[in-house]
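Chain naming follows the written order as A, B and C, and within any one chain the residues start at number 1.
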C-alpha cells in the first residue's frame, strides 16, 4: 500500500484538512500521467463530436447547398417518430443481447480451456484468436458466401435443405448474422477472461480442494468473483461494440427482411442521402443509447471507477 | 503430472471441437482462395480445381502490387499505434489504479464516451481537419485516430488488471533488499504483463481491422491499409466480385496476426510466479 | 521533377503541374475498369493533344456506392485535385444540383451528342441541360439456353411459364433481387415497360396505379415461382451469372459481361447461350430495357475546365468508343459505331439487340437530385420481392407510393 494518508470524503470536500506535500505530488503525478492519453483522445474527437451535435440541429443536405439552417429538435423528432427507427432499435437490441450472451458463455469455456489444456495450449490460444484477426468485412463475406444457396457449402451439408434461402427470411438471416458475429468476437471475450484467469493464484484452488470443494463450487466461489474486473471490461466493451453492428448485416442482407440495425440506418441517412442533419441526429441518438447501456453496466454491475488504494476487492 | 487416458481423450475431443469452431470459416476462406473463377461458385467446401493464381496475382508488379504496400502500411501503422497506445494507457491506468487525484471518473467516463460515438459521424469532420492540417493520406493521419479510439479499451483493460496487482509486494521486495528498480522489474512487471500484452493484442487487432478510417483518410498506397485496399480489388469485369483474390488477400494478411499472437500468447499467462503472492 | 514522378504514381497531393512542356495534368477519378480500356483511350488522347494535357488516373474503389462516397467527400470539401470524374449514370442530377459538376459548354455539347442515343443523353442531363459526357453505356438482355428453349419468350409471363414447365432442376430464372441498386434497376424497368414512370418531375411522383400494379404482380409472380433461383432475395449480377454458369438455369436477365465470362468459365453453357431483348410486361408494348454505363463529368472545382472538356470530347470520339468496346466489351453510346464491322466480332449475333435495347431504354430517375432517396425508398418497399403478392399487388403498390412520395420530399428516415 502506498503510504499516503487516507482521506475521508468529507474532509476532501471541505478542503479544510491541510494538503500534505505528498498528496499534492501524488495529484500532480496522477494528472501528469493521464495527460498524454487525454490529450490524444480529445485532440481528435473534440471537434468532430461537437460538429456532429451541431449538425444534428440543423437542416443540412449536401446535395442541396442552398438550403440550411437551425431547426431545433426537428431532426430528432423525425427520427424518434419513425417506425423504421424503432424497428432498427429492436433488431439491434436483439442481436446485441443474443450474441453477447452466447459470447459470454463460449468465451468463458474457451478461456478455461486455453488456461487449463493439458496439451496444445499454444496451438489452441493461437487458433482461437485467429477469427478475431480476420478482416471484418472479409469474414462477413465468407459467412455470406458459405450460406448462399448457390455458391455456398452449407446447403450441401447432410441435414440442411438444398435450397434453403437463409437470407430470404428474417429469423434465419438473424441466425447467420449472429453466428458470424459470435464467431468473430468470442475471442475478444476469451482473451480478456484468459488474462483474468492468469492472475488468479493457484494456491486458492489447492486450498479449496483440500477443503473438499467441488469443481463447480471452485468455479463459482473462487473463479467468478476474482474474474469480475476482466469480465466487466469484456462485457462492457463487447456490448458497446455489438450495439453498433454494421458490417455483417450490410454484407449479408443489406438490412432487408427487417434486419436493419441502427448503424445501417445512420449510414443510409448520412452517406447515401447526404442528409447530414438527420444522419447526425441518428448518430447522437445511437451515442445516447450506448451511454445508457454503459451507465447501466457501471451502476448495476459495479464496473466502478476504481478508487485506487483503499478500494475493496 | 500424469493424466488418465480418459482425460486425454476428453481433452482431445474438446480441442478438436474448438479448433473446428475457430477454423472452419478460415478453411473456407482458404478454399475460396484456391478456387478458379470457374469453380468459385460451385458450393463445395473442397476446391475441385486448385490454382495459386489468386496468390501470385497479389504480388504481381513488385512494389506496386495490390497487396505489398498496403500490407507494410498495415503492419507499421498497427505496430506504432499499439506501442504508443499501450504506453500512454499504462501511464494513465497506473495513475488511476494507484494514485489519488481529482478527475479520475472524468477521465474514465470521458474515455468511454469517446469510444462510444459512432465512427461514421466522426470521419467526416476528421477528413476535413486532416486535409486542412496536411495529415491526409499519411501515417500519423491514421495512427492518431487509432490511438484515440483504442485508448479507452486499453485504459479500461489495464485499469482492471492494475487494480488486482498487490502493490505492497514492491515494498516487501525493497524491504528484502531490492532496489526500487529491481523491485519494479522483478515483482511488478511480471504481474502487469498479462494486462499489458492483452491490451497490446486488442489494440493491434483494432488498428489492423479498421475499415472506416482507413478508407476515408487515405487516398493512395502511401498510407492505405489492407482493409481499405481490399475495396479496390477488381474482378474480371465491373460486375464480377473478386472473390478469389479477396479470399487470398485475407488469408495472407492473417499470417502476421498469427505470428504476433503466437509470440504474445505465452506472455499473457506468464504472470504470477508462485512465490510472489503468498508472502 | 519529383512532382511528375509522384503524379505518375497517382498521389493526390499534386493536383496539376506545368512541368511538362506547358501542358496540364488532368486527374481522372474513376474505378479501375478491369479491361484497362479507359487507360488506353486516355493515353491516346493525351498524345493527340500535342502536349496540351495529360490524363492521369486516380482510382476509386470497385463498388459504385463507395466510389460515390469518396467523390462526395472530396467534392463537398471543394477539392481542386479532381478534374474528370467517371460518373455512374444515376449521379447526374445529384452532383449537378449540388454544384459539383459543370454544365457542358455548347461547342462540346454538340460534338459529344452527335449520333448518341437519346436515352443515353437523358442520363447525362439535369434540368434539360447536359452536365456530363457519355463515354460508354450498358444494358441488360435476356440470356437463354438454346438447347432448352424452342420459342424465345416475348413477355415475362411467357418466360415464367416456360421455365416452370422445364422444372426446377434446369429451368431457373436468374434476376437481381437483393436489396441494392440492382433491384431498383429491375423495378424501374418493369414499371417503365408497363407504361408509366416513377417520377414525372423533380418532385412529382407518377406511378400510375394500373401499370405499376401489373409490373409488381409480375415481379411477385416470378419471385414466388418454383422457377425462381433459391437465392433471389440476395441475388446480384454476379450471383446470377454464377447460377447460370452452374447449369441449373435456362433464363437470365443480365449485362453482356456474362458472355465472355461464360466463354472462360463454363464452356458447355457457353455453347448454348443466346440473347434476346428484355422481356415485355404487356404483350403489345415494347419493353423498356435498363440503361447503365459511365458519363464523364468535369468538376466545378477543377483548375483546368477547358482542357478537361477538350479531353472528354476526345475520349468519347467514335474511334475511341470502338476501342473501348473491343477491349472491355462496353457498349458504345453512339449508334453509328454499331454499323462498324468490328462490332460483330465483339457481340456475335447480338450487336443489333444491344443497339435496340439501348435505343429503347428507359433511364432511372437520374435527373432527380434526390435519386439516392428514391433508390432507398424503392429498395425498402420492394425487398424482398417474395413479399409481393401477385394476386394482390395493391398492398405493395401503396407502400411503394408512400415511400417514394416521402423520398421526393426528402422527409423522414429511409
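In this text, contacts are C-beta pairs under 8 Å (C-beta built on N, C-alpha and C of every residue); 3 or more make two chains touch, one makes a residue touch a chain.
Predicted model only: the values in this text are computed from it and were never measured.
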item: Shared chain contacts [subunit A and subunit C, defined touch]; value: B
item: Winner on C-beta contact pairs when A-B is weighed against B-C; value: A-B
item: Mean-CA-position distance for subunit C and subunit B (Å); value: 40
item: Cα-centroid distance, subunit A relative to subunit B, in whole angstrom; value: 16
item: Touching two or more other chains - residue numbers and ranges from subunit B; value: 40-42, 124
item: Junction residues of subunit A, two or more chains touched; value: 150-151, 271
item: Per-residue multi-chain contacts in subunit C, two or more chains; value: 239, 242-243, 246
item: In the complex, subunit B residues that touch subunit C; value: 36-38, 40-42, 124, 127-128, 131, 136-137, 215-216, 219-222, 231-242
item: List of subunit B residues in touch with subunit A within their complex; value: 3, 7-8, 11, 14-15, 18-19, 21-23, 25-26, 28-29, 32, 40-45, 88-89, 91-92, 94-105, 107-118, 120-126, 129, 144-145, 147-148, 151-153, 155-157, 159-161, 163-164, 167-168, 171, 191, 194-195, 197-198, 201-202, 205, 208-209, 211, 226-227, 230, 243, 246-247, 249-250, 253-254, 257-258, 261-262, 265-266, 268-269, 271-272, 274, 277-278
item: Residue ranges of subunit C in contact with subunit A within the complex; value: 65, 69, 72, 76, 94, 97-99, 178-180, 229-234, 239, 242-243, 246, 369-370, 372-373, 375-376, 379, 383-384, 386, 410-414
item: Contacting residues of subunit A [partner subunit B, same complex]; value: 1-2, 4, 7, 23, 26-31, 33-34, 36-38, 40-45, 47-49, 51-52, 110, 113, 115, 117-120, 122-139, 141-143, 145-146, 150-153, 155-156, 183, 187-188, 191-192, 194-196, 198-199, 201-203, 229-230, 232-233, 236-237, 240, 244, 247, 263, 266-267, 270-271, 276, 279-280, 283-284, 286-287, 290-291, 294, 305-309, 311
item: Residue ranges of subunit A in contact with subunit C within the complex; value: 61-65, 78-79, 82, 84-85, 144, 148-151, 163-165, 167-168, 252-257, 265, 268-269, 271-275, 278, 282
